[in-house]
Amino acid sequence: MTTAERKRIEPLTRTKLPTAVWSTAVPIRFRHCDPAGIVFTPRYFDILNEAVEQFFGAALGLDYYLLISERKIGLGYAQASCEFLKPSRMGEVLDVAVLVERIGGSSYTLVLPVFKDGVEVVRGRLVTVTTMLEAFTSRPIPDDIRAGLEGYRDRCGEAIA
Amino acid sequence: MTTAERKRIEPLTRTKLPTAVWSTAVPIRFRHCDPAGIVFTPRYFDILNEAVEQFFGAALGLDYYLLISERKIGLGYAQASCEFLKPSRMGEVLDVAVLVERIGGSSYTLVLPVFKDGVEVVRGRLVTVTTMLEAFTSRPIPDDIRAGLEGYRDRCGEAIA
Amino acid sequence: MTTAERKRIEPLTRTKLPTAVWSTAVPIRFRHCDPAGIVFTPRYFDILNEAVEQFFGAALGLDYYLLISERKIGLGYAQASCEFLKPSRMGEVLDVAVLVERIGGSSYTLVLPVFKDGVEVVRGRLVTVTTMLEAFTSRPIPDDIRAGLEGYRDRCGEAIA
Amino acid sequence: MTTAERKRIEPLTRTKLPTAVWSTAVPIRFRHCDPAGIVFTPRYFDILNEAVEQFFGAALGLDYYLLISERKIGLGYAQASCEFLKPSRMGEVLDVAVLVERIGGSSYTLVLPVFKDGVEVVRGRLVTVTTMLEAFTSRPIPDDIRAGLEGYRDRCGEAIA
């Protein structure tokens, strides 16, 4: 990054996303907010992670919790980032969508646009590495996760140019 | 990003940072950790924000809390990101350093390398926009913050190539 | 409390509560859980507070957030406590009910039994003092909150002997 | 509890506690605070738990984290409660003390008075049950924890009448 001011992303419109895109409503609670009255940055990552947990069940048909507790598969992040376009306040309801950007050998990237009144206010990006828990070494993406992600990506098409 | 696997950053060594670089020790507590026994991703952003709060007082001579509560200056993020190189467990002690990467007109970028046993395990990057609270509109970086950041950056030199 | 072992409460059964009792489903997420794989104690208080926020809207017809942000009414706690009867794990779904135990002049007490599979696993108790925000001095319970709590209590009857 | 207003506890004075009482300074951070600008209730329980973690190391000579991760001893709560006497704001520094109230067969009770400027503003009480992790069944307090708690209690004397 240079000394030039950072270039902002163009906010997406919810209705322009493919209909196959899964999303979940997230009401902003008191606990999300800081003394400035808006959602505190780290809480957005709580919100994103929670959306991914639901996404696994609702869109991929996989129980996120059993993957970890029973199959000892780690779904940790190699990278997590957010762009913040507009602040949100308690009582508002956000809509968190999940898009599959990339499926690699032992990692995949999800993009999570967050909408308020249909306009994108936050964009998250999570690069997940599949690992063997306890050992904390990376492993190939398990077949059922790969099939789920590929199927979902195919259903959604090219969501973000 | 293409379908190629993501390129990882090269971990920094703490002792190679300029001596003027400020850092703070952060013991990993029970509350930071998840069922995999390691620090939960969103908690790293809590840790980074807390380091910035201390950095303002200790390195810039400015009270972060008065900026917000008295002067109604918002120090919200336009972008927040982390690269995770190695997991951390409760009982370990991290060392969070702060570097100034960019100072713009109404925003600045901090890079926060996090070390364990002297080797970088996490790298955070926070793009802060200075705003007027209540209005939530951006404003030029206040003079004392700018002077503080510039002085600190000068003392630290070019920390990351 | 003496040196005798603490006496445990008798767990309630969800179906034995009056039908007018309001409750909300709370799926346990990754972020709630600690390295022991169970809900971390402080997160239960997040869960209770969130249930109260919803209770205000759903059962009392009052917007919790407007009370605070617009009317500057504080709903802080003078006392908060929980009895923990059984641990809960991620992926499980709790059912958090709200009962009105006491309505005083400037404070009221809510009891929140939390059920798993219909049997009480946690019991929370929150003593709320109504205050004027900014001044942080107590004030009489606002009329609409009082009317809402009294109406709800009447509908529910004597829920806990 | 009757319909009478709740009786408040009498705030302790820090200097009147026995000199052997251990305590730790806790600066209030942005992340602790809510839209009312004060510490959010559930965060106090995070603060109490963190104080207990430090207390184990500093006052009992036991590594809290190894107890859990290596020896698989659970230190979960059967009961957790707080009385809130005064709100606290970001930038303030609290002093969290630990007192041993009771040592039973498989549980013990800690009282944690929290001071601001030497006067008690919060009083926490944590009833801990020692368990075998994985099984989540209670077990006798391990000998070294019992000896540590007894020694500490003896050094402190009768701290709270």
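When the chains are written out, they are named A, B, C and D in that same order, and each has its own residue count from 1.
Simple rule for what comes next: contacts are C-beta pairs under 8 Å (C-beta built on N, C-alpha and C of every residue); 3 or more make two chains touch, one makes a residue touch a chain.
Keep in mind that what you see is a predicted model, and the values were worked out from it rather than measured.
With centres defined by CA atoms alone, the chain at the far end from chain B is C. Chain A and chain D have Cα centroids separated by 36 Å. The mean-CA centres of chain A and chain C are about 30 angstrom from one another, to the nearest whole unit.
If you average the Cα atoms of chain C and of chain D, the two centres end up 22 Å apart. Each of the following residues of chain B touches two or more other chains: 30-31, 35, 37, 40, 42, 46, 49, 68-69, 90.
Chain contact topology: the protein chains form a complete graph, every chain touching every other one. Across the interface of their complex, chain A is touched by residues 30-31, 33-35, 37, 40, 42, 90 of chain D.
Taken in their complex, chain A has these residues touching chain B: 1-6, 8, 35-36, 38, 40-43, 45-46, 49, 68-69, 74, 76-84, 87, 101-105, 107, 109, 127, 133, 136. Against chain D, in their complex, chain B makes its touches with residues 29-31, 37, 46, 49-50, 53, 63-66, 68-69, 89-91.
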